Amino acid sequence: MSPRLPLAILLLLLQAPASRAATPRDALVMAWNLDALITLDPAQIGEVNGNDIILGNVCTPLVNYDPQDISRIVPAAAESWSTSADGLTLTFKLRGDLKFPDGRAATAGDAAWSMQRAVLLGYGNSANLTQWGFTKDRIAEQIRATDDRTVVVTMDKPYPASLILSAAFASNVAVILDREAATKGAKVVDGKSDLGNAAFKTGPVCVGPYRVTRWDANDVVVLERNDGFFGQKPNMRRIIIRHVPESSAERLLLEKGDIDVARLLTTDDLKALEANKDVRIEQTVVQGMSYIAINTVDPILSNAKVREAFRYLIDYDGLARSILPYQGTPRASLIPEGAFGALDRAAGQPFKLDLDRAKQLLTEAGYPNGFTKKLILSANSISPNIAQHVASNAAKVGVTLELEQMADANLFTRGRNREFELQLVAWYAGYPDADANTFRHAVNPDKRPEAKLTMYPVWRTGWQDLSINEQAAAARMEPDPAKRAAMYREIQEFMMHNGPFVYIYQNIRPIAVRSAVKGFVISPFFVDYGSASK
Amino acid sequence: MARGILGAARQAGSVLVTLAGLLALTFFMGRMLPTDPVLAIIGQQADQAAYDMVHHQLGLDRPLPVQFALYVRAMLTGDFGDALFTGHRVAADLSRAFPATIELASLAILIGVGLGVPLGVLAAVYRGTLFDHATRVIGLVGYSSPTFWLGLMGLILFYSTLGWVGGPGRLDVGFIDSIEPHTGLLLVDALWDGDPDVFWNAVSHIVLPASILGYASMAYISRMTRSFMLEQLAQEYIVAARIKGMSRWAVIRRHAFRNILVQLVTVVALAYAFLLEGAVLTETVFAWPGFGRYLTAGLLAGDMNAVLACVLIVGVIFIGLNLLTDRLYRVLDPRTR
Amino acid sequence: MSITHPAPAPAPGLQAWLTADVTTSPRQASLQRFYYGWRRLRGNPTAMIALGALAALVAVAALAPVIAPGGYDDQDLAARLLPPSLMHPFGTDDLGRDILARLAWGARITLMIATLVAVIVAPVGLLVGTTAGYFGGWVDAVLMRINDIFLSFPSLILALGFVAALGPGIRNAIIAIALTAWPPIARLARAETLTVRNADYIAAVRIQGGSALRIITRHIVPMCLPSVIVRITLNMAGIILTAAGLGFLGLGAQPPMPEWGSMLSAGRSHLTGAWWLSTVPGLAILATSLAFNLLGDGLRDVLDPRSE
Amino acid sequence: MTAVQPAGDASQLVVDDLRIRFRTPQRVIEAVRGVSFTVVREKVGIVGESGSGKSMTGRAILRLTPPAAEVSAKQLRFGRTDLLACTERDMLKVRGRRIAMIMQDPRHALDPVMRVGLQIAEAIPAERRGTRAENRGRVLAMLESVRIQDPERVFDLYPHEVSGGMGQRVMIAMMLMPEPSLLIADEPTSALDVTVRLRVLAILDELVGQRNLGLLFISHDLNLVATFCDRVLIMYAGRIVEECAAADLARASHPYTRGLLASLPRPGDRRARLPVLARDPAWLVP
């Protein structure tokens, strides 16, 4: 270096600064808050970032949602599937041209192994399989490859095909990982192989349009195109996702053309961008609900009338006009719009701000002078504003809500440990079917603390209604769609007034895109990076 | 304060004790964190079985002292473990984050010293004049303004409105992956590869945060320089030198300044240490993938491996600075030889 | 200009008593020192301005209910993000709350934090410092080592850690800041103690059989007090900035409390759209800590032997 | 600029009605109130208790009084140079090269972080500077002339490494380096312990003699001055209350002087107690 250094400096002094040109032509540059991103292993991913990056972009699942109509399932890695007469066996026929990034062929063996792996690792989203009766000890027979292109799935109950397809086989657990690479990179933790988890954390070897070439924590993720990919060839050679945790910063970058896509923008920044003709804003209503969870173990909050009162403390219309635009649509039902069996918009949001009603309910409940409770919430995005809004209305009926904001990790911990009175959080349904949220927000198999059903938000609230449990189980197995929908309608009506959750809005995913970027396909479950072109 | 912190670590021995204490403090403080690192790994939909598995793997079911002992042992073998909140090895993360901060802080300290020392000297020489008051106020403003706020304002003005400087981050995305990370210091690496575009781009990105951090330390340095200088100017030997027939400025240059150098070294070292603190907020504002943000994030995520590693590094930096200043002391002040 | 003119005759009365060349009582002497100090401080324009600014701040804090009868959480979703106007001199925030109102109430929080921290830190620092200094030996070693542990770490990061551990909120923020602010005070107190511990009058008390506790509390602490007080004034600005920093990171005062740092951070998301959200509280923080710094600077000059 | 004066000895110091004033916010302090005297190639002593303004007078001559001081005089002249009219630049030609001053305490008057040799070398006027070696040679010679054995070693010492006596000799060497024609000695020995005092004085005396310099010897020690100087000025409260030849000091008339003399212990005669100086406010009025 030393001999070259003076020369280099001379060179630099001569050179004029390079103009900060727009983004590279063959690369899609995205700014996002990647704080939550902790793993890229599809079997482990439990948050939005990783899901968005991996599902369909790095790892193609067996089947996919139709971007136009997410209730329809379309072929992906599997070109076809069939259900046995008894409805207990599901057979996938994989495509013949599945290749891993290095060009080696991917087989049904890899596919089956990948799904077994997800169950064996037992991370959060293994629930996508385990809740359908797949278990660690029997998974080897339950999901197996009969030949290089056939995966046979044996179920213990004849679940409706449409339901289980979208619930299990369009998700991150039903992807095709490179078994060889995994076993090579496997790490053995106290005598037990991690099935390549450590290796895949920073970039899975997987069948898909892109592969992860770089991930610097809290800095950048870079994807490179796989030219051997079976599907239609992506237009962009590289996808660059930069960690920019500030809405204002992202907006500046977008306006300057330093990025093509901004994923973390506040309502007001988006509103401002509307005026900018170089930018368009894509809004997608996703399957996430934001709500206040009420811990019914608390004597006061166990009173249904008190919980009902909270529903009248929310100015749905006011929020819709002020804070919610681009972020969410008011909704009070546990089933998000767009899911099978969801109430329509009107029926799904019957409440409105009504302080007198709230006061009356509180009086009936025996708390005419209100009470003081703590509401914990995330410090991110619009949560603080929503919380302050509710708190100020509550104050008007004598209820004091002390707010405490915290990092998400912290918020989740408090939730799982039942260490909260009121908690403002969001929950994303795994699949667009009423079944998804019903089984997490309504069905509580065992409400005892020691049961530790921590993955059930409803368990965290200590609330339980056995009849709902039965209704839900029945609805799940109901073959007739019309009947099924009707059953869910009942459940929703009941939960809306008795449940432990005060739903406030259904999340919208706003994405601001430079006009230069064309044909960017964005659907609730899948942002197709490859579809973009410049 | 200067004496405080630096006096803290006079001999490496006591410094090591301090360091151990610091680690212990952080460790047990960290275990008090209301955040459960396990959830970060398994995601909030995981069932209890998965939870217990990971909880055991992380050794969180062992008693605290044992955990601490194990941690220290691992650390002595150079193993910082995994950063749960990033999914990477802590060492790998820091090897990226740390140079980023060093580059920022070093540039800032250059600015701080380059402006602070001359201003301080002049202010002392022209004590009580308008100039003195002006520098004092300018300095105090830098001393008193929230760096994160200055950062935001700076971005709006110089990046968004005037477009003079680069935006948040260390480089335009166009340049990502365009140079070899030899040292991790972009400016150096760019020179190394002789790539002017990257160099100038990096400059355009670092100049604003560095100036804002530098401003703060400039304020501190100029204030200290001023009072040191005043102290020296009041000394007899200054008069003596004038009597010899030396001009005022010659005396200041050859005698007064030589004498404040000793104390100045301490101050600069201290200012440098404080830059790490400033970095925490500045890096957040400028999306600077550095050490400060890493530490903050790790702290909020309850990720002890990451936090402890950072603490250790800060500690080591302090030791380094202390030993360094001690050396310089010996060089600069014959009385300490 | 070389003609002798007599020294101005000292004015009679209090002035005279305060400026008398020969003092008749220790009280007079100390009052004189104070009086001359004050006169010198008065001679320092910047310090005076600062003093004025702080007085104004206190006034605003005291008058908050008058300035903003609606309180600091008077939401109006219809009036969000209004730019500064006669109605709202500093505009409104993203929940339609008048920023001037929040600023005024926020002044209370800022002052409260500053004073509480000072009130906690002074005694702790004094106690630790004097004890270490007086007893020396291993007591000193242990206490100072602990002191070092706290000192050898950027205070904001340390405060961050404590708050993260204790949980966010203004009470914990104050505790955390106090935890990071006592060591320098302790060091100062220790240094002062070392200078007096071997003084004859201390020895005298010891000979008379005065207990260590008595000696420390009655004789040493009073000696250290003045310098400690000045030091704390000098640290005020730092305390305020740290508090703001915590608020900025969402770890300080919790919404809807109008702590300036958290106001600023809330305004972050409207930086380009509604500049006043973060600009106004930012300026408030700047002004306050600047005032404290200028005052502290003035004070230092007054107490500084070199300043004549 | 340099005001031209009627011809006279180029090294004659004329001080006429010198006044030095300090303004504090509280009051105006008159440190020196109308002092007049001349020095021509002779040893003149100024005696007075501390605070009598004698040191200030010395510094005023070199125009090195603190900024707060207001200096005024009917005349303050060295040879042809009107010192009061001199600009800072003019003074650079006066200080050292024509008037130098030996200060009280070498421990404070020498730069602690610079080798003494170099500090002496610094005093060599620019036009006389030669190569490093030449300068070093000059300094070594000068060190020898102040009776320092092995100057080579001393050259490379730092001030904190030399004893008080040697320090003062270094100081003398430093101040003689630019070859002044008037030397002001401000309490040159009071910081030294008795044993070395006389040696230093001897050296000083010899050098002043050899080089035929004027010497203004400022001290509080009447005896010392009486034995060492030709002429003595007695200063009290910023004024010269008496002036006489050292030899005639015994016949001094002013009560203050008499008082001073009376309070000098004399070997041989015993008394119960030393008389305390009686002060008379009338002395303050000229």
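Observations on the structure shown:
Residue numbering begins at 1 within each chain, and the chains themselves are lettered A, B, C and D in the order written.
We take it that contacts are C-beta pairs under 8 Å (C-beta built on N, C-alpha and C of every residue); 3 or more make two chains touch, one makes a residue touch a chain.
Everything quoted here is computed from the prediction, not taken from an experiment.
Of the two chain pairs considered here, B-D and B-C, the higher C-beta contact count falls to B-C.
A centroid comparison over C-alpha atoms places A as the chain most distant from chain D. Averaging the CA coordinates per chain and comparing them to the mean over all protein CA atoms picks out B as nearest. For the pair chain B and chain D, the distance between mean C-alpha positions equals 52 Å.
Put simply, the C-alpha centre of chain B and that of chain C have 25 angstrom between them. Chain A and chain B, compared by their mean Cα positions, are separated by 38 Å. Each chain gets one centre point, the mean of its Cα atoms, and the points for chain A and chain C are 47 Å apart.
With touch defined as above, chain D holds no residue shared between interfaces to two or more other chains. Residue positions of chain B touching 2 or more other chains, listed in rising order: 33-35, 152, 155, 160, 284, 300, 302. Within chain A, residues 246, 248, 252, 406 each touch two or more of the remaining chains. Across the complex, chain B is touched by residues 1, 4-5, 7-9, 11-12, 15-18, 20-21, 23-24, 27, 29, 35, 37-40, 44-47, 122-127, 130, 189-190, 201-202, 214-220, 222, 240, 242-246, 248-249, 252-253, 255-256, 258-259, 406-407, 409-410, 412-417, 419, 430, 452-455 of chain A. In the complex of the two chains, the chain B residues touching chain A come out as 33-37, 39-51, 53, 57, 83-88, 93, 96, 152, 155, 159-160, 163, 166-169, 172-174, 176-177, 182, 191-192, 194, 196-197, 199-201, 203-204, 284-285, 287, 289, 293-294, 297, 300-302.
On the side of chain B, the complex with chain D involves touching residues 235-237, 239-248, 254-255, 258-259, 262, 332-335. On the chain C side of its complex with chain A, the touching residues are 73, 75, 77-78, 80-81, 94-96, 167-169, 250, 254-256, 266, 268-274. Interface residues of chain D facing chain B in the complex, by the touch rule stated above, are 59, 62, 64, 88, 92-93, 95-97, 100-101, 103-105, 108-114, 119, 122-123, 125, 158, 160-161, 171, 174-175, 177-178.
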